[in-house]
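The following blocks contain the structures, represented as structure tokens.
In what comes next, subunit A is part of two complexes: it sits with subunit B in the first one and with subunit C in the second one.
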Partner chain A sequence: MAGKSGRTISAVPQKSILKRLLSWEGALVLIFIAVLVMGRIMSPYFTLENVLREMPKYLAEILIVFPMGFVLIMGEIDISVGSIVCLSATVACFAGNAGLPFPLVMLICLLTGLACGLLNGFILTRWPELPPMIVTLGTQIIFRGIAEVTLGSGGSLSYVNSKDLGILSKTLGPFPVAFFAVLIAAAIFIVVLSTSTFGRKLYAIGSNRTAAKYAGIKVSKIRLIVYGLAGLMAGMCALFILTTTFGANTTTGQNYEMDVIAMCVFGGIATTGGKGNLFGALIAGFSIVCLRIALGLINTNPQLILIIIGLLLIISVLISGISQMRGKKLKKKKA
Partner chain B sequence: MKAFLRKITGNHEVTLGIILVVLFIVVDILSGFKFHGLENIGDIFKNNALTLIMSLGMLCVLITGGIDISITGTLAFAGMTIGLLQKYNIIHNTLLLFVIAVAIGGACGLINGLIIAKGKVSPIICTLGAMYIYRGLAYVISNNQWASGEDVTSFSKFGNSAGPYIILALAFVIYFVVMKWTPFGRKVYAIGSNREAARISGINVDRVEIAVYTLMGVLAGLAGALSVSIYGSAQPNMQTGKEMDVIAACVIGGVAMSGGRGTVVGTLLGGIFYAVVYKALPLVGLEAIWQNLIKGVIILGVVIINVLTQRAMNRQALARREI
Partner chain C sequence: MKRIISLILVAVMAVALLASCGETTTTTGAKYALVTKAAGNAYNEKEAEGFKAAMEAAGLTSSDYIIRHPEQATVEAQIAVINSLISQGVKSIAIAANDPNALSSVLADAKAKGIKILTLDSDVAPADRLTFCNQAGVQQVAQALIDAVLDLTGGEGDYAILSATSQATNQNAWIDAMKAIAAADSAKYGKLNLVEVAYGDDEPQKSTDQTQALLQKYPDLKVICAPTTVGVAAAAKVLQDKKSTVKLTGLGLPSEMAEYIGNDADHSCPYMFLWNPIDLGKLAAYASIALVDGKITGAVGDKFEAGNMENSPYTLTAVEGTNASEIILGAPFKFDPSNIGEWKSVY
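Up next, the complex of A and B:
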């Protein structure tokens, strides 16, 4: 894009290969490879087939990472997605058990998620002073509350026509369908974020909301869309959850929001907004999934994963914080 | 009269207090005057002792503009540790066990504080990571074991005595005094209202922040010991997700998430508010499974009403200035 003055304006700065490797995404790729190598050394069962067989259990969570990335880049947060997964799965179970054809059940599941997300968006845009954390905390409790009430005192419901779910739990070659779903979603979300005006607007809102508003960006409309998307993808996640659990209960999707936010932050997205990209979040998500599978295969306390995720999260944020502080000091010295 | 009305509607604590009293009376009438018994009220406090205790620490954290979601992890880690100490017959002294739990909590909180204040990590991310770590530590040290009723018999005697009430009352009195009349309390408010101004006026922001998170940890550790004592068992997954209840209690009590606003009295009322609603549900014929749904509606309702009254007040202030 050469302007009148001949200056070129490019949103993507040119980087050498070395710089790319030293960037956070490069480091994440290395961490991902390290996880795979370590898994292979620690357990002889850490083979491609085993990993792919275990994968669907954890993959569905990654679907929510992308819209959550959008939310975080806007400088906001959505902690209701786990409950949306729970409610969508519950509704899908009821619809399926009522004898509706499976495509319709899928549609209902997705629409439930979308409706929940839009409700978040509506409340947040109708009363923009409200902090997203509190609103989504409220809806988190409400959505799971609705699921609890509909599930009744038993607290769980199994999907009777589990044959229907076969379409989603099939494998294409060695890869499960969920894997392709994640890749397709990743491609769409990454392209939208990095190349479309919509993506640029998200960064603008995240960097400076007031400036974005005066630059003519319809902030409320975009927020509504993003929260709707988060709900929609949570609904999709619920569909894939059903293929591994064959039912819904009151704890379905519990703590997913925290896992998903952790993946995003580990992937280099700043919760203060305006920074990060989804490619990093995707690799971070896969790293954590593979780490979970590896720890499940070696005979150790499976909860060790909690400590590892926590440490990775804090250390990754500390490193970027410290490097920023050093950068500022260097600038001061130069000046 | 008009000034009186304005005073009532303008003050969140007074409004909440009036609503609470009305609610209490309505529920008491509906239940055939069985609700106001001392035992019932005691139950309300005891069943919510953990939320109430931790909401004090959360109050300070929220006033500085931060947030701490690692508290139930800390609670589980401290509670599990003292549970195991009793299970393996190492320590049975109630006081010593409380000290250990509080010390563990304090250490966890101190780490949070150091990372947030010195490492400039945003509070939600730091405590999100810490939540995983402390909860994970609770699982790892427990090694799939529980400390059950028989293991903690002598310890749970404390939970069934007047002990929890005394601790609760002491904590609230201390916090009320500290937040209102001591330099430390004022500094916390100052940081929340305007961090830069506080720094320039000579407040050591980092040190106050570290102290706030350490205190939060101390209270979480104390809540861990109380939890083991009151419920008579320790599991690594205890009180999962309760951190949101604590935050919700603060928010209902009028604490602003953006910092700088909130009081101890408001927090107490917020904590009791849905404790009363909980207790009232079966009396008005709703099953226990409706609890969460209603809790969520209350939270949303309160914050939306807050925004609406704030808008009305701003408009009034503007109108008065134009005259």
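Up next, the complex of A and C:
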């Protein structure tokens, strides 16, 4: 049994329902339910209405989980997304305050994100030997730097025509618009990853980039697209953040990259590439968000929340590590 | 194997969560909330300490109030905290805002639920809150500074002011008010002579240069008053290094000024001022209670009792140039050799 490491271009395991339940995603669903039950027990305020009302800010973050999943599956990392959120929100504020119509502002916000993402992609494909961690660390500083310079000394800019943003902060029934944005994005990204050749190629690149290249996969083109997507979704995140903060400031989007990477890793995506899927990341994201909301409702010390999330991360990588080791041992025995 | 692991995991989480429950005040039906700028900020911790002390002095228990420190010093973390407090149905939220504008949306939500919003330490747009607990009013700061100059000169002689930039709003307001107070009471302040207002632009090096220039230009100078934390620290170092007889006072951070504060010839600054964060927290607590009880509405002219605080009862005054209200804490807090040791580690 090759375990999850068998999930490569050559071997797409067809799992039975039982196997699925016993997989990491199955465990995540259980964890998610456990979080909901515990939240309900711990606080009488942990109701659907309250949770959904507190959720938009977190939903905006979850939008970036999907492209980040792509990046991680390729065996790479993008830590500039938080700064892209900041820069996109800043640009959108300036555009909106200059009197541009709102649809145009939305477009500009998305395009700013896309441009930032493509810049990352361009640098990384032009010089493929550069480490993505360092390049995106550089652009992280640059993008936030540009936003800070543009924001000026006050470091904060409000979106004057905040009525425009109402469209994005509306609710359909109890569900905020951001919730549907996440569902739609999830559907698209999950289908692309699991059924299209593009998705298969991501796993191939993550498993062995050189081999993928010699197999005729246009690695550079795919990497450029993926980094572009990360930027684009960061731009979309910025739009929804604007609906909660009604403006941009120098700390907008701070640490988002870490939150998002944590969700992906907790969801079973290996940072070494070639492993994991977005369904796991989505459930992991919602679990972490609901956990945060629940712990907030009982007024837990914020550091404690961070410690718990940190522990969850270590446990989740530990488990995939253990199953990998077991897989290797089994192989050795067979040989 | 996986199933066992997942079960263990769920168990671990349950234990972790229950453990966390034990440590926190699981509050149901708490009324008054305080939101600080961030966890781990010593100045904010002092505000929270005061808030807690006042709540307990008012006969409330820990289940009646919530103190929340956001994870990070960002407005987004504060929004998450305020949302959580709205869910809990609190009656009032006192907040030290991380951004003047960005809380507008979430505070409007809170207001719509009937929650009384007030700010302390740093304000938001007046439309988003009922009142603002201001750490220091212009008049009080100016009065404290001019009296310090009077005291340190011995009642007469030359003094100079070392300010921040020439456009700095706060400093200019304080300096103008000092001049006005001195002019209004010439019997008391008439023998004081302000020789120059120098500008160090809140840069350590320029403030140092300006201090040295003042010493050269005015040999009879007795006192330098620096109403800026950067200026006062720079001047303190110059005077102490030169063993100058010129004395210093002003507004400074205890942590930066501790080594210069003393009554003997070896120290350049006998005493200085800043605000007391503990009292500010107390004021916010009493104002929260008064707002929830309906004793005040946040209108200019409202009055409320603030326990055993020095300046109680407090009156809501208008923020200069607007009809929004604020509550001024009172005279700035004096740091002298007797208390600097305790405060230098605070902020």
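FYI, the second predicted complex is superposed on the first by the 317 of 335 C-alpha atoms of A that agree within 3 Å, B and C clash if a C-alpha of one lies under 4 Å from a C-alpha of the other, contacts with A are read in each partner's own complex, and residues count from 1 in each chain.
Methods note: contacts are C-beta pairs under 8 Å (C-beta built on N, C-alpha and C of every residue); 3 or more make two chains touch, one makes a residue touch a chain.
Just so we're clear, the structure is a prediction, and the values are computed from it rather than from any experiment.
Superposition of the two structures on subunit A leads subunit B and subunit C into a clash. In the superposition on chain A, contact is made by A:Leu311 with both subunit B and subunit C.
Contacts of A:Ala262 after superposition: subunit B is touched, whereas subunit C is not reached.
Using the contact criterion defined above for the overlaid structures, shared-chain residue A:Glu54 touches subunit C, although it does not reach subunit B. Of the two partner chains placed by the overlay, subunit B and subunit C both lie in contact with A:Gln254.
In the superposition on chain A, A:Ser158 makes contact with subunit C only, while subunit B stays out of contact range. Using the contact criterion defined above for the overlaid structures, shared-chain residue A:Trp127 touches subunit B, although it does not reach subunit C. In the superposed pair of complexes, A:Gln303 makes contact with subunit B and with subunit C alike.
In the overlay built on the shared chain, the residue A:Leu36 is in contact with neither subunit B nor subunit C.
Of the two partner chains placed by superposition, only subunit C is touched by A:Tyr45; subunit B is not. Looking at subunit A, you'll find residues 254-255, 301, 303-306, 308, 311-312, 322 touch subunit B in one structure and subunit C in the other.
The part of subunit A that touches subunit C in the complex is made up of residues 22-24, 26-27, 30-31, 34-35, 38, 42-45, 47, 50, 53-54, 57, 156-158, 162, 169, 241, 243-247, 249, 251-252, 254-255, 292-293, 295-306, 308, 311-312, 315, 319, 322-323, 326. Against subunit A, in their complex, subunit B makes its touches with residues 67, 69, 115, 119-122, 124-126, 128-137, 139-140, 143-144, 236, 240-241, 244, 247-248, 251, 257-258, 287, 289-297, 299-300, 303-304, 307-308, 310-311. In the complex of the two chains, the subunit C residues touching subunit A come out as 1-3, 5-6, 9-10, 12-14, 16-17, 20-21, 23-28, 39, 66, 68-77, 79-81, 83-84, 86-89, 98-102, 104-106, 109.
Of all residues in subunit A, only 77, 123, 127, 129-131, 133-135, 137-146, 148-149, 152-153, 254-255, 258, 261-262, 265, 271-272, 301, 303-314, 317-318, 321-322, 325 touch subunit B in the complex they form.
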